[in-house]
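Take a look at the structures listed below.
Note that chain A is present in both complexes that follow, paired respectively with chain B and with chain C.
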Partner chain A sequence: MLKKYFILLLVSTTLLFAVKKENIEPFMVEKVNSVLSILKNKELKKEEKSSKIISIMDPVFDYTLMARLSLGKEWNSLSSEKQKEFSFLFTEVLKKSYLNKLDLYTDQKVKFLGTQEPKKNRLVVNTTLIGEKDNFDIDYKFYQKTEDEWKIYDINLVGVSIIQTYRQQFAGFLKDKSFDELLKNLDTKK
Partner chain B sequence: MRKLVVLFLMLTSICFAQEIEKDDFSNEFSTKTESFDPLSGYNRSMTSFNHYVYLNIVAPTAKGYAKVVPEVARTGISNFIDNITFPIRFVNNLLQLKFAYAFEELGRFTINSTFGLAGLMDPATKMDLEKRDEDFGQTLAFYGIGEGFHIVLPFFGPSNLRDSIGLVADGYISPLTDMSSYGYKIPNNTEKTVAIQAIKFVNHSSLNQGKYEAFTKDAIDLYSLLKDAYNQRREKEIKE
Partner chain C sequence: MTKKIFDLTVIKHPFKTVFILLLGVIFLGYYSTKLEIDASSETLLLDNDKDLQFARKVSKLYYNPDFLLITYSPKEDLLSEESLKTLKKLSDELVKLENIDSVTSILNVPLLQSPVQKLSKLVDNVRTLEKSNPNKELVKKEFLESEIYKNALVSADFKTTALVLNLKENKEYFNFIDKRKELLDKKRANTISKEELIKLNQIQIDFKKFRDIQRAENSQTISEIRDIISKYQNEASLFLGGVNMIADDIITFVKNDLVIYGSTLILLLIFILWIIFKQSIWITLPLLICILSVVSTAGALGFFAWEVTVISSNFIALQLIITISIVLHLIVRYRELSSKYKHASQYKLVINTILSKLNPSFFAIITTIAGFGSLVLSGIQPVKNLGWMMSTGIAISLLIAFIVFPAILILLKRVNSTKESNFKLNTISISTYLVENHGKKIILGSILVVIFSLTGTTKLIVENSFINYFKESTQIYKGMKVIDENLGGTTPLDVVLTFKEEKQKKKQESGFDSFEDEFAIDSNDKQYWFTKDKLDAITRVHDYLETIDEIGKVQSLATLTKVGKLLNEDKELDSFTLALLYNKLPPEYKKIILSPYINIENNQARITTRIIDSNPELRRDELLKKINSELPKVINSSNIEFRLSNLMVLYNNMLQSLFDSQIKTLGFVVVILFIMFLILFRSVLIATIAILVNIVPISIIFGIMGWLNIPLDIMTITIAAISIGIGVDDTIHYIHRFHEEYKKDHNYLEAMKRSHESIGYAMTYTSLVVIVGFSILVLSNLIPTIYFGLLTVIVMATMLSSALLLLPKLLILLKPYGDKKMRTLKI
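And then the complex of A and B:
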């Protein structure tokens, strides 16, 4: 009896959090709009805004994958503890950087431009921030994690992939410094 | 026994899934640590110089300027500059055989120069005539010329051999330089050219306050970040 309930609970929670392919765009419309309304809310303090936004976006991001991709080949040579440590620090830095950038766009509108499927198991949601003078393209890149769950593994800002820029920087850093120095460096930025 | 089989199946499927995943992403991202960068020493110091100048001179100037000049006026100036540099975009669209875009640019120029009060306003965009940015660096790329090596220009920031040549070529056509003697040139000496470029730079920064700071704040390696972002962005612009 209890087992039945347990399974039911499991199934219902995964249904709640899993994003299916056909739902990705409406799902993102809803997420982005709620982020914008938090940003516009003048009654909230900065920290409250940050934690609310993070709680909205957290379930959609695959942080561990992002950490792995940003490190490239280096990832495989690490012990699992180091991988965990790096993932944790990278996630913190990424979140902070994301929030920093959001701060600039308070009064703007977001337009959804549609989706693309560059290949199997990938879906890109194209959006643009409408500014007074220029528009600012943001593309959310999803991959199929499991049968019916899609997650973000990268974001393009005006055509620039953030994972790619981290990857380039980490590779440059590790060319003449050690991995522990990289961890220390990330620790100062979180 | 059955449990063991299930366990085995689960393990293989997990391993297998991870294997696919890894292969899947490997060609989406690349690491170019050994790319040809003969000027890297100079480039790194120029990056620090530009960063310092931007944060300590340009950004505060732009902030003060934004307090004095209302946003409507600053947008107007920006529109005016965009409109008057129409020849660069027109010529480069033609050179890249993008005739529809060239025509669209011509339409924008006509409408904005007249109904848009000499380009201060941008009614063309509201009429769905889009700005089609093309420069000579992109034209060279269109004809298959590679980017050469990376060069960080003073004040202008990241560039490469091809785009620097492009910048000079576009300077010949641009009404905002004194680099040739076409009748439509506004400045007639170097000082005036520099002054106009400085106003353009400060005005642009005043409309984009905080963006550069937010982008570079969490940099692990500023030079790699700006270089890679520039390369990715150019790649996209060239494709369009």
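And then the complex of A and C:
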């Protein structure tokens, strides 16, 4: 019993503090398992599930960076107000889309395959979602934000990068339309 | 001079001359065995057409196998055990055929909505009617409502389904095309080396051989398929259809027409010649000349490797008309001389016949060649070939007729007309009476004809529908009708969208360069191609094409996204889901649902449609123009280029170019004819009269076609040139004779009467033989051949009327040779 409380305490403290490089894998194991247990909980309504999952994952995502990356070089030409507005809308859309993608999880289990360090300040956590017939690879891409803090800036699902998809999407949209139209479009989707 | 030549050769050495001629015919006869028939779509395309290059490129870039279709309408319910069992047995038998790569049917297509399952599950477990045991009500609903299958795989009444027989891919064909194009381009640019020129010739020869083999294999496959489906006719109604089928059936029909109608035509000719002359020599001699001419021409075609195509399939009939017309003029002249000069020797009769007919016949043939020659100016190879074929053929006929006719007759005793052999027609006396007493009515009638023709011409349409090539009773018509009306249409039309690459923007220094670089590396990965702007543009074009009545089935990437939306709880498939699908979809399904519609390397998407060919409202050129003018608005993006492609565009190009060239060359032919008439008759007035009496009957063809809604197509469009070719003879022979007769007493009326009594008969006999002979073509299975037969009959009848009524009336009225009586009075 004591042990259980101890683990809970440990988890909640890690949630409050920044993730260090050496803690990334156990931290993610914990996070993902929490998400899975929420997903498996049949008593919870969909909205409740969503808000719980968001509250678990929120601290570990760097939404502002993700917004900036998804817009590519276009970002630099924007005023800081527009950047803020875009970041806000993008975060909302991303969360909604992420929650939708969670539908892919049914009764599968997650297996952690290890980590990779493609660059000095980058780290990728490789996981696989084990299904009845097929497995889905999910890679969480971290970067070093500050000396002690690592955050997720992208997720690769079966080789498809969420940020890259948005980058292509926005670039395509901005070929013919203005940035304000893009904001309007995001607003309708949030 | 001419007399001397004839005296020294044919008349003096008839045996030797005929022997040498026979050697030539035998030589050509050998090559006539090499005569080939090709009705493939290849023959109907414009070689220098940029759309053709584009269409070939497109067909290489997308998975696009050649296919044949079998329509299957079982007696039982389509999804009953019995029907499915038969279908399975049939598919299994078909897939064993050597040229068939796979068979797609309701049995093996993926079921996505029976029941609707989540996308994630779908990718793991693709169901089919054959593999799983789905709920049949749901399957029926899916086939009837699914964007993928409705009106393509099953008919709206759920009584008919299609089996798609995918033929094995033919890479060698494109290798030939590519190699040939590369060398041809060099040749056009004059940069080709000697070695390359030899190589080009070799490729042309090899490609022809390859196509011959292909044609034979294709025909073999079709006959094997037909054998297989014939076994199932008791259980279901089955038809075979598809573009390859059209070509094969046309070849079969053309071959049958050549054999059946060619031989029947000869029998009919014998019959009519007997009715007219009742003397065996006047039957055997024309027939001998006809046969020698046809064999030699077929040999010349074999020698020059000019393939017989749909357009030139009537060359034997045409050749027979022209040959018989030359010989009949000779016979009538001979008989005329023989009855006039009772004691003249055979030599006198023969040489006078030849000499008096050589000039008009030569000019008649030259003008005929000018008529056919106009076809050579068109850009379409088979039409050009028809021009060359006929020009060569009639030159051969003239030569053979003027050698064989005197050579044979000189060996015989003089032929006196017997009483029974004096076949007379009332037409001559009636027309003499009309010209003399009702001249104004003739002029008025001609004006009415011109008005009729002009108004009809404005209604002319240029259309080419393959389904209308065949009689309703033929299997291919029935098959194509089912495909056209119930299974999404026949002639393919594609819209190819090309998304312009984004220009690289100037690199701006920032602290995020390492991230930018990271994402730049895999930004071109295939799975990221599916962006919303592209999908939206594809869907807009797809939906727009679906609103067009003449378009049947439309398929594109939008088909997939529409189905996907249904499977995704009515939420649109976003780029991420599509990227996931792209990565997870097994290759065999990628091949079916993605490869025909997108080409990521070239940043392109293809929206395929099939045109409902049998729609009577269909105006192909207008439809293409409409789509071309409306698409920019639909696409609404300066970053997306579009281009229409596939057979619909190519055939339309061919037809429009043929129409343009025909209109231009018709004018050219009229001018050339006028100049020829000027040279021949040395009078502007006579040349004008001659042109007028030709234009009036030819224009009637366009009037009839316009008023009866008969479209100008690849076949009927050549009718004007052919009409000029065969019709002009009457005018030349008549004016020539009229001039001779006028010289005797300088009396126009009497000259007309005498001309009618002499040359009038030759003209009437010729026309009669052609009219009766060509009526037989009405029985052909090919509609263009029927039209050809009917229109030729009409042209011959109107040409004859024009030459016997309008021509003499104008000669009498305008007095082109002056008015001798008046002149003497004045003096």
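Some notes on this structure:
Note that the second predicted complex is superposed on the first by the 174 of 190 C-alpha atoms of A that agree within 3 Å, B and C clash if a C-alpha of one lies under 4 Å from a C-alpha of the other, contacts with A are read in each partner's own complex, and residues count from 1 in each chain.
What we mean here is this: a contact is a pair of C-beta atoms (placed from the backbone, for glycine too) under 8 Å apart; a residue touches a chain by one contact, two chains touch by 3 or more.
The structure displayed is predicted, hence computed values, not measured ones.
Partners chain B and chain C clash in the overlay (superposition on chain A). After overlaying the two complexes on the shared chain, residue contacts for A:Ile56 are found with neither chain B nor chain C. Of the two partner chains placed by superposition, chain B and chain C are both touched by A:Gly159. When the two complexes are overlaid on their common chain A, residue A:Ile138 makes contact with neither chain B nor chain C. Of the two partner chains placed around the shared chain by superposition, neither chain B nor chain C is touched by A:Ile38. In the superposition on chain A, contact of A:Asp176 is made with chain C only, not with chain B. By the touch criterion defined above, A:Val93 lies against chain B but remains apart from chain C after alignment on the C-alpha atoms of chain A. The superposed model puts chain C in the path of chain B at one of 8-16, 44-52 or 80-88, which is 44-52.
Counting contacts by the rule stated earlier, residues 69, 72-73, 97, 100-101, 103-104, 132-134, 143, 153, 158-161, 163-165, 167-169, 171-173, 175 of chain A appear in both its interface with chain B and its interface with chain C.
Contact residues of chain A toward chain C in the complex are 65, 68-69, 72-73, 76, 97, 100-101, 103-104, 106, 119, 131-134, 143, 153, 157-165, 167-169, 171-173, 175-176.
Interface residues of chain C facing chain A in the complex, by the touch rule stated above, are 118, 120, 123-125, 502, 505, 507-508, 510, 512, 514-516, 519, 522-523, 525, 527-529, 531-534, 571, 574-576, 579-580, 583-584, 636-639.
Put simply, chain B touches chain A in their complex at residues 24-25, 29-33, 71, 75, 78-79, 207-208, 210-211, 214-215, 217-221, 223-225, 227-229, 232-233, 235-237. Every residue of chain A that touches chain B in the complex is listed here, in rising order: 69, 72-73, 93, 96-97, 100-101, 103-104, 121, 132-134, 143, 153, 158-161, 163-173, 175, 182, 185-186, 189.
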